[in-house]
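One structure is given here, and the rest of the page talks about it.
Labels for the chains are A, B, C, D, E and F, by order of writing; each one numbers its residues from 1.
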Amino acid sequence: MVYSEDSLSARIREAAREINLFSQSSKVISYPQNGLPDRSKIISVTEQLRSVMFPGYFDTPSSEHNEYAAGYKLTRIADELGAQMYSALCASNDPGVAKEKSRSAIESFIKRLPEVQKLLATDVEALFNGDPAAQSVVDVIFSYPGLNAITVYRLAHELYILNMPLIPRMMTEYAHSQTGIDINAGAKIGSYFFIDHGTGVVIGETTEIGDYVKLYQGVTLGALSTRKGQLLTGIKRHPTLGNRVTVYSGASILGGDTVIGDDCLIGSNAFVTASVPANTRVSMSGLELSFRQNNPGIWENG
Amino acid sequence: MVYSEDSLSARIREAAREINLFSQSSKVISYPQNGLPDRSKIISVTEQLRSVMFPGYFDTPSSEHNEYAAGYKLTRIADELGAQMYSALCASNDPGVAKEKSRSAIESFIKRLPEVQKLLATDVEALFNGDPAAQSVVDVIFSYPGLNAITVYRLAHELYILNMPLIPRMMTEYAHSQTGIDINAGAKIGSYFFIDHGTGVVIGETTEIGDYVKLYQGVTLGALSTRKGQLLTGIKRHPTLGNRVTVYSGASILGGDTVIGDDCLIGSNAFVTASVPANTRVSMSGLELSFRQNNPGIWENG
Amino acid sequence: MVYSEDSLSARIREAAREINLFSQSSKVISYPQNGLPDRSKIISVTEQLRSVMFPGYFDTPSSEHNEYAAGYKLTRIADELGAQMYSALCASNDPGVAKEKSRSAIESFIKRLPEVQKLLATDVEALFNGDPAAQSVVDVIFSYPGLNAITVYRLAHELYILNMPLIPRMMTEYAHSQTGIDINAGAKIGSYFFIDHGTGVVIGETTEIGDYVKLYQGVTLGALSTRKGQLLTGIKRHPTLGNRVTVYSGASILGGDTVIGDDCLIGSNAFVTASVPANTRVSMSGLELSFRQNNPGIWENG
Amino acid sequence: MVYSEDSLSARIREAAREINLFSQSSKVISYPQNGLPDRSKIISVTEQLRSVMFPGYFDTPSSEHNEYAAGYKLTRIADELGAQMYSALCASNDPGVAKEKSRSAIESFIKRLPEVQKLLATDVEALFNGDPAAQSVVDVIFSYPGLNAITVYRLAHELYILNMPLIPRMMTEYAHSQTGIDINAGAKIGSYFFIDHGTGVVIGETTEIGDYVKLYQGVTLGALSTRKGQLLTGIKRHPTLGNRVTVYSGASILGGDTVIGDDCLIGSNAFVTASVPANTRVSMSGLELSFRQNNPGIWENG
Amino acid sequence: MVYSEDSLSARIREAAREINLFSQSSKVISYPQNGLPDRSKIISVTEQLRSVMFPGYFDTPSSEHNEYAAGYKLTRIADELGAQMYSALCASNDPGVAKEKSRSAIESFIKRLPEVQKLLATDVEALFNGDPAAQSVVDVIFSYPGLNAITVYRLAHELYILNMPLIPRMMTEYAHSQTGIDINAGAKIGSYFFIDHGTGVVIGETTEIGDYVKLYQGVTLGALSTRKGQLLTGIKRHPTLGNRVTVYSGASILGGDTVIGDDCLIGSNAFVTASVPANTRVSMSGLELSFRQNNPGIWENG
Amino acid sequence: MVYSEDSLSARIREAAREINLFSQSSKVISYPQNGLPDRSKIISVTEQLRSVMFPGYFDTPSSEHNEYAAGYKLTRIADELGAQMYSALCASNDPGVAKEKSRSAIESFIKRLPEVQKLLATDVEALFNGDPAAQSVVDVIFSYPGLNAITVYRLAHELYILNMPLIPRMMTEYAHSQTGIDINAGAKIGSYFFIDHGTGVVIGETTEIGDYVKLYQGVTLGALSTRKGQLLTGIKRHPTLGNRVTVYSGASILGGDTVIGDDCLIGSNAFVTASVPANTRVSMSGLELSFRQNNPGIWENG
């Protein structure tokens, strides 16, 4: 009914003209001439990769765990991800170079997948062993957001290593959106990695994490605050955690020079900006709870 | 174009072979012979159940709130959820037993649904009354992630009580993924339950919560830290909250022996690991803010 | 197979009858006679609006950034959103009035869109400049949950200003579900707004935020605790932040009278309930970490 | 890649302008201001009606044949078809009148459905009894295009009787597209109607058919040739068939005054333009086959 | 809006009650207790089979013609078609027997597929060679309805031979609906089979056809007319065609004793009910066209 | 359950191996290395073109008939159809040449569309005027299979003229599948073209048809029979019809030298293989119907 109303039509015409003009001219919004990866295809490839890593759990079970499934799916993935890689590389490469690089990258990526799967099996084991609420490894594979985020991170990390632009972040942000767990694809993470609940976990780009490490919800492995922005690109800004470190919920460990030694436990809500030697427990002290009669006080709005 | 490239084909062949081998042999990744529930079907049933609980809001409105809708939908749910229950039970039961148990469980579950709906109506009321930003109960039903998470929890809890494996967790993790609120289906939660914003809320498996309780974003009702993992399965590890307890954002209440009495208020970011008597306000003290001139300091990276 | 089982059929019949009865009679659950907006359509319109704001990134690229796309999409949006506005307004207005109001509102909304797009371009710039992990503005537009949440907020805010019921909240909760960032459509937020990682961020309805402000994950700009609920509707309950304020992860700034002056930095996990003058750094003190030998202690369960 | 090519952009601009101009000005192509039914919705309603007529066969079986399914589906159908009726009536009625007429029509239509179902049961029986290749009534309901076409015709006919514009034809053409059987919704057809194979069957608007009639593929019950077109609207132009008439493949029976008496058999490819008394067999004579040596002749091209 | 209108609600209630009652009691319409195949699944399996027969043409090309595709797809087909076979067999078999028979049938069926593919390759060749309008074999595989119908027939025929109930007909009627070509799965058809245009072709259940046979649109290979219906089940009712027979458009060859010898040509619209020796051309004679001045006559209505 | 059965697995392995081998080696089935058009994309483009030709009828009405719709859709069509053209041309052209040809072809095609739309408006008019059962032009646009087939033919014909391989036939076969009307894209057809009912109509590649021509169901405009197959490619094999010719149902007009003069009427089932002068009526004579007592005879199977 709308199209016959003159003033609305006029509004649309003006808005369309102005939006189109700005979209073409703005340096931050204009879509590049030589194209970009397609977000929905990246998500689809990510889901296919997950079903290759855990055959039977995330697709038609009967046909997933025989001798053909992995080959069939990898062929599709090679084709679809290869095309997205080409698009991602075209932004900063000549088409011929982009083609060569994407061909080489997809080969290297496929080659690494069996290793990634084996690492993921250690993560499943860690999650099952570490959580008394886990009924079985099946429970972990189907339902644990920690495993979901780690799976996508481990796949995206392989692309990050290959210097693939845009795509690793698109993958990890897809997992972030589903789980609330934000692991930058650049982080280096050892085997038997455990994240429980996970909402609010942030693991920065230059973080390094050893084996058998456990993180709970709300943990930040971040950079020290800074206003330097893009000037810090490429510099180690996030902490290093040794083996068998456990970080409880809400704790923050910040800074590129901060090293947490093997077998440390970092308590809930701890705020750590300096290195900690191995075998140390860190908790907050100087912090007490005050108990009062239950009547209005400063933190209640009158 | 990919299939004619020899080296890529070879990579795919090798990776497929290795992945298939590992998928068959790995104890943690191999898909069980007798099948498992189907995650997409569990999600679909969960959505159907939501639309039975709040007729008209989450499906074609006109046909939802007459005398046929609930009956029609419950018949479908009984069939579809019953089949998933059977699959879930087959993992640890003889097929005949699984059939018997699933038949009995679906009956018990359906029977409980009217009671669940009445509880949910108290939650809607609590959310509306408790949040000045809520315009109407409709606003709450359509948009509040707290209600979304509570709805799925209350439904999953009924299955948990029936000792149904895998499915309750699949349901609550679906809600966790949408809301950032992680309520274990094992928790016991009274009426008029209120969660606002909710991102990062964690409520552990053996938590007990009274009536008229309010939680804000980032609250953890968790276990004390432990490395015992699976050894603690079945033991009460999470706290007990009385009636009319309010827990503000970011607070953690931990431990199976921790009991928060009726009418307590737990302040933001409080970290409570011991019981608190009724009518007590708990806040952090010994914590002050330092105010400084705005120049670089230890928490800013140079 | 289910329909031949007498006891299950009986259970379904009883449950359906009881649920139907309650759904009709309950004041909090009954679906209103004159209808409501359709949640799936609000989501669809929100996605269409995003693709108008960032032409090429979220739809078929080739046809998105020419002279027709914005006009074509705005015509559809005007029609579909206009119909939803009408439904939303019918709840508290006579149909004739609802029609008049929705017609006027859609015009005003369309007229504002070019301005919203220009604001969003400043947000993209702020995110790129502020995060060393951002490879390019494309990276930000495709993958940053902060931008996703801000985009939906800026659009929903325009509807909030027009006093549109229900819809603004439906839109921002859609973004909340995807990003873990909960920005109430009522908040007033300046240009060059930056949220990184973002999970757990809460920005309340009456918050005011200046230009060039940066927030990190888990920041709450909230109300002081209260049990007054609906009595506070319309009253300023949330803080005011000046220009160039940065709030690090996990900090809470609470209260309607709390004003954070220009160029302040609020440190991680700070808990601010009073005003802070311009050019001030606020961090927690009186809080120390205790370091101990790694053996069991109070925060480990036996 | 296309948008940067100047000559193509110019072609698009010119074509779009010309097409838009013509679409607005052409009397035959311009879309009416007050809207029209939506073809995809008519198809959807038709499928829903089919699943009400044959519960269990064309939808989720378990929930289809209990006491709720018909009520639930009829409620949806009433709502969706009622809305389409309103749109169809608006073309030639004042909105108020259209609303009144559509309300009354949907009631009358729903009331007739049980009778339609009973008629369809006679058709199933006729098809099963009449075709030695039919294995069972299930075979007929699932697979016989004749039943598909008759079902849609019987439903559309009820709307035709109610003088509903546009919709009956949209329904029967949907069936025509699927089956190659073109039954005008205006035709009057008795019980136990049988069409086998059916491709190419045409049954005109003013045809009348008795009970137990059988038609085979390619049968036309049509009008005598004419160039009068619209001048003949409303006049009986198609034949009348008595009870127990059988018409074999490819036969044509034409003309509004042509009456085929009870128990007639019309042979394959017969061309009948005059009435035939009861109990008569009509076949072609004067037609012989010539048998020749197999060498090229007039009907072979060189 | 509909649910508040009393008379419409009453109509729905009455109609639903009556329809439900009839659906339960009618012998021809009631859905069998032990279930039936699912029509949409049969269609899906048919499409998967087509993509196995012609790898690359009807699915994602790149992953279709390597060593994994056929294996992967056959595994799925075995699972899905096996389940449908089981349902189809349950109608007339004990569950245990149905399971055994379906297991055996799916094995036999899979074993025959390579042979079916080789036959289909002969059909493609025949269609290309026989039609001057065919540009290439690709043109034939993509676009020729004749090949579509023959493909589905050849697959369904293998199931017919295995005495599978219901499913073969569901498959061929799916092809009939798409092509207007109705080939009963029981027919026996040699290699290099050619059908051009094809609309209206009917090939009955007991037809036998040699190699290199060509049929054009509207050809019927049918039964002599009969009113015996189900009494004729299992008896040869349709003709036998030798090798290299060509039947032009609209011709009918009828009767179980009718044998058309090798190398015959049957002319357009010929009506053949008796056997024809080899090397014979059959055309209609005694049929002439009359040419008249162009003024109204008996076959024009006034 | 299937994958654990050894004999079935063996069958699948053998069948997959054999099918894969044959698919690679068979000249008629092997998928070409350099790719082909994608059938589902051709169908999608065809539907988009239809919605450009009849704005409002086949898509979201409100946004279809303003100034942006045609431009927006043509941009998409240019991009998507252009890509398919490139694939189609690659089969017989060097990539560079294919790119050049497809670029030029899409421009020429877009340029012709306004003219095609104007022709289609004449067809709508002819259909409405010629059929007393047509209620309105809307009825014709929504429901007449004749118009559906003619629309797709007119679009495909433009591509045929541009020597585009494969695509024109894919388009017309899509329409053939929906309507039973098979118009080869090569035919030349004048304005005001009318096909009613249409099932079984065949119009060959080298047919020429004047203005105001009317065809009814089952009409063949075909080639004389021949066994020459591919040898006749490019030769005129189908008839020429003048202006205002009407051909009634089931008639066949065959042969490249057959010319039907202006204003002729060809009667039902006529079989015409020679030219007919203008203003002539052609009907069958020498054909009588025999009327008999209704008892069994030669055309009834005893």
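The rule is short, and it goes like this: a residue touches a chain if its C-beta (ideal position, glycine included) is under 8 Å from a C-beta of that chain, and two chains touch if they have at least 3 such contacts.
Because the structure is a prediction, the values reported are computed rather than measured.
Common neighbours of subunit C and subunit E under the contact rule above are A, B, D, F.
Checking A-B, A-F or B-D against A-C, more than half of the residue-numbered contact pairs recur only at A-B.
Taking only C-alpha atoms, you rotate subunit E by 120 degrees to land it on subunit F; that is to the nearest 5. The pair with more inter-chain C-beta contacts, choosing from D-F and B-D, is D-F. Centroid distances from subunit C, each centroid being the mean of CA atoms, peak for E. Interface residue usage between subunit A and subunit F, two copies of one sequence, is largely shared: over half of the residue numbers at the contact are used by both copies.
Centroids built from CA atoms put subunit F at 56 Å from subunit B.
If you average the CA atoms of subunit A and of subunit E, the two centres end up 52 Å from each other. Here the spacing of subunit D and subunit E, counted between their Cα centres, is 22 Å.
Each of residues 1-3, 16, 35, 62, 65-71, 75, 79, 180, 199-200, 218, 223, 225, 227-228, 232, 237, 248, 250, 254, 265, 267-269, 284, 286-287, 299-300 in subunit C touches at least two other chains. Per the touch definition, subunit C reaches subunit D in the complex via residues 1-3, 9, 16, 62, 65-66, 68. The touching residues of subunit D, when paired with subunit F in their complex, are 1-3, 5, 7-8, 11-20, 22-24, 26-32, 35-39, 91, 165-166, 169-170, 173, 176-177, 180, 182, 184, 186, 199-200, 202, 204-205, 218, 220, 222-223, 225, 227-235, 237, 248, 250, 252, 254, 263-265, 267-272, 276, 279-287, 298-302.
By the touch criterion given at the top, residues 52-58, 61, 64-67, 69-71, 74-75, 78-79, 82, 103, 106-107, 110-111, 113-114, 117-118, 120-121, 124-125, 128-139, 141-145, 178-180, 197, 199-200, 217-218, 223-228, 232, 237, 246, 248-250, 254-256, 265, 267-269, 273, 284, 286-295, 297, 299-300 of subunit A touch subunit B in their complex.
For subunit C in complex with subunit F, the touching residues are 60, 62-63, 66-73, 75-76, 79.
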